[in-house]
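Structures given as structure tokens follow.
Consider the two complexes below, in which chain A is the common component and chain B and chain C are the respective partners.
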Partner chain A sequence: MSDTKKFMYINRKAPYGTIYAWESLEVVLIGAAFEQDVSLAFLDDGVFQLTRGQDTRGIGMKNFSPTYAALGDYEINKIYVEKESLEERGLTLDDLQHLVWEDEDEDYAEKDSIRLVSRTELGDLMAEQDVLFNF
Partner chain B sequence: MAMLHLVNKSPYDGSSLNTAASIMKSGDKLLLIEDGVYGAIKNGKSAALLNGLNVSVLGPDLAARGISEDRLVDGVTIVDYAGFVDLVEANEKVQSWL
Partner chain C sequence: MKLTIQVNEGPYQHQSSDTAYFFTKAAIEKGHEVFRVFFYHDGVNNGTRLTTPPQDDRNIVKRWTELAQEHNIDMVLCVAAAQRRGLVDEGEAQRNGKDATNIAPGFRISGLGQLVEGGIQSDRLVVFGD
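Up next, the complex of A and B:
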């Protein structure tokens, strides 16, 4: 469709310390209704949003991390994680949630949503977008 | 005359930990809370800032962020909210690096 735009949501903040991460998720989910070509990028402290095993019972805040696993159901399956940001923080992909989506063109085969990209590759992806949202 | 230093910001998103760590005197203690707990991850670029310091992290803030105990720099102590209060009480002053 020619009127479909490429939307990228850029996430650079850690969860819980500020409201940005949660607000981003809210906007992504609302935006999913508009059937655009959506992708999410996680870089800098944004990579901390995707850590597995978050348990917020001790700090009295809502644990919104399970919501990332629902993105695949909204056909949001391009989740770019920047390699340099992960490494700098002592993390690997194994520290992150395993996010998947079901490809209905291939008999609902489960596929990985997270794609590890370099800073250069992320820059290339940003250059391809029509709209960038920053959180 | 010991001082308790509190850092609540990520070391990758500001200079709080860098400044606190370099200004601390021997006998002082550092407690990482909120996004400050990311500073205690082993193999993280900022982990070297903690060398030689007496460092604690607030357990509930670690758990919220999905960082398990085995990911921390060796020698870092985990405290709960009661332990936070004990640290405040045991030190003459508290310096919050906001």
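Up next, the complex of A and C:
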């Protein structure tokens, strides 16, 4: 497949309460093999997916939050978090995992993957995409 | 136009799979090409041949099967989602040591790559359900 498309995975729901967050991540990981221009967006309750210090022992489910830290290794480094969604939930970037990727072109310098964007900016980014997956 | 349809809800509880069915049927009748219908999340439950709805109700599974056979549509259940929810074909039964199968005719079980490929190959990816 020669043509590259812009894929955005939109995550809107909190983890564990429903399976959408995890089954979204499964598509992202499989999709990484297709070498498309991939980005992830977290908004609404989806911002809770990225919170640090998740502990699922009390609910008997697998804690899949460490998987987000591996996204950089899959060359997924555009992770958009909607500013308003964070603020509405009393969260700041400090409440989220510090996700990084290594830039091959700059001697593997570690760079931040998370980009804080406004609702308007995120809307513009969505408009640029070829394919939107909404979870 | 070439379309891939993604169905994320099971039959009966939500209208999504009905809407997806009617959309798919209408698209074909209008002359569009359906590259694939991909069933994900609870949508995989559209592919069990063991459903027995009341006789005066629509048979959603049978309707999908007939549409697929009539128009030669590729209908795929996501394997990871299907394993979790107990949708089994011959190969999956053997691989996972299950004593039965329940996949309906016209459906096949395959990986999420088929969904991503649908997004790449089609002009539009149309999603039904949450």
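Observations, loosely collected:
As a working rule, the second predicted complex is superposed on the first by the 133 of 135 C-alpha atoms of A that agree within 3 Å, B and C clash if a C-alpha of one lies under 4 Å from a C-alpha of the other, contacts with A are read in each partner's own complex, and residues count from 1 in each chain.
One rule holds in what follows: a contact is a pair of C-beta atoms (placed from the backbone, for glycine too) under 8 Å apart; a residue touches a chain by one contact, two chains touch by 3 or more.
Computed from a predicted model, the values in this text were never measured in an experiment.
Once the two complexes are laid over each other on the shared chain, residue contacts for A:Phe7 go to chain C alone; chain B is not touched. Of the two partner chains placed by the overlay, only chain B lies in contact with A:Asp45; chain C stays clear of it. Residue contacts after overlaying the shared chain place A:Asp107 against neither chain B nor chain C. In the superposed model, A:Ile19 lies in contact with chain C only, and not with chain B.
Once the two complexes are overlaid on the shared chain, A:Phe34 sits against chain C while remaining clear of chain B.
Judged by the number of chain A residues each one touches, B leads among chain B and chain C. Legend: residue contacts after superposition of the two complexes on their common chain; A:Ile59 is shown touching chain B, with no touch to chain C. Once the two complexes are laid over each other on the shared chain, residue contacts for A:Asp94 go to neither chain B nor chain C. In the superposition on chain A, the residues of chain A contacted by chain B and by chain C do not overlap at all. Within the complex formed with chain B, the chain A residues making contact are 13-17, 44-45, 48, 51-59, 61, 63, 65, 88-91, 95. Across the complex, chain B meets chain A through its residues 8-10, 12-13, 34-35, 38, 41-45, 47, 59-61, 63-68, 71.
The part of chain C that touches chain A in the complex is made up of residues 40-41, 80-81, 84, 111-113, 115-117, 119-121, 125, 127, 130. Taken in their complex, chain A has these residues touching chain C: 1, 3, 5, 7, 19-20, 23, 26-27, 30-31, 33-34, 36, 130-134.
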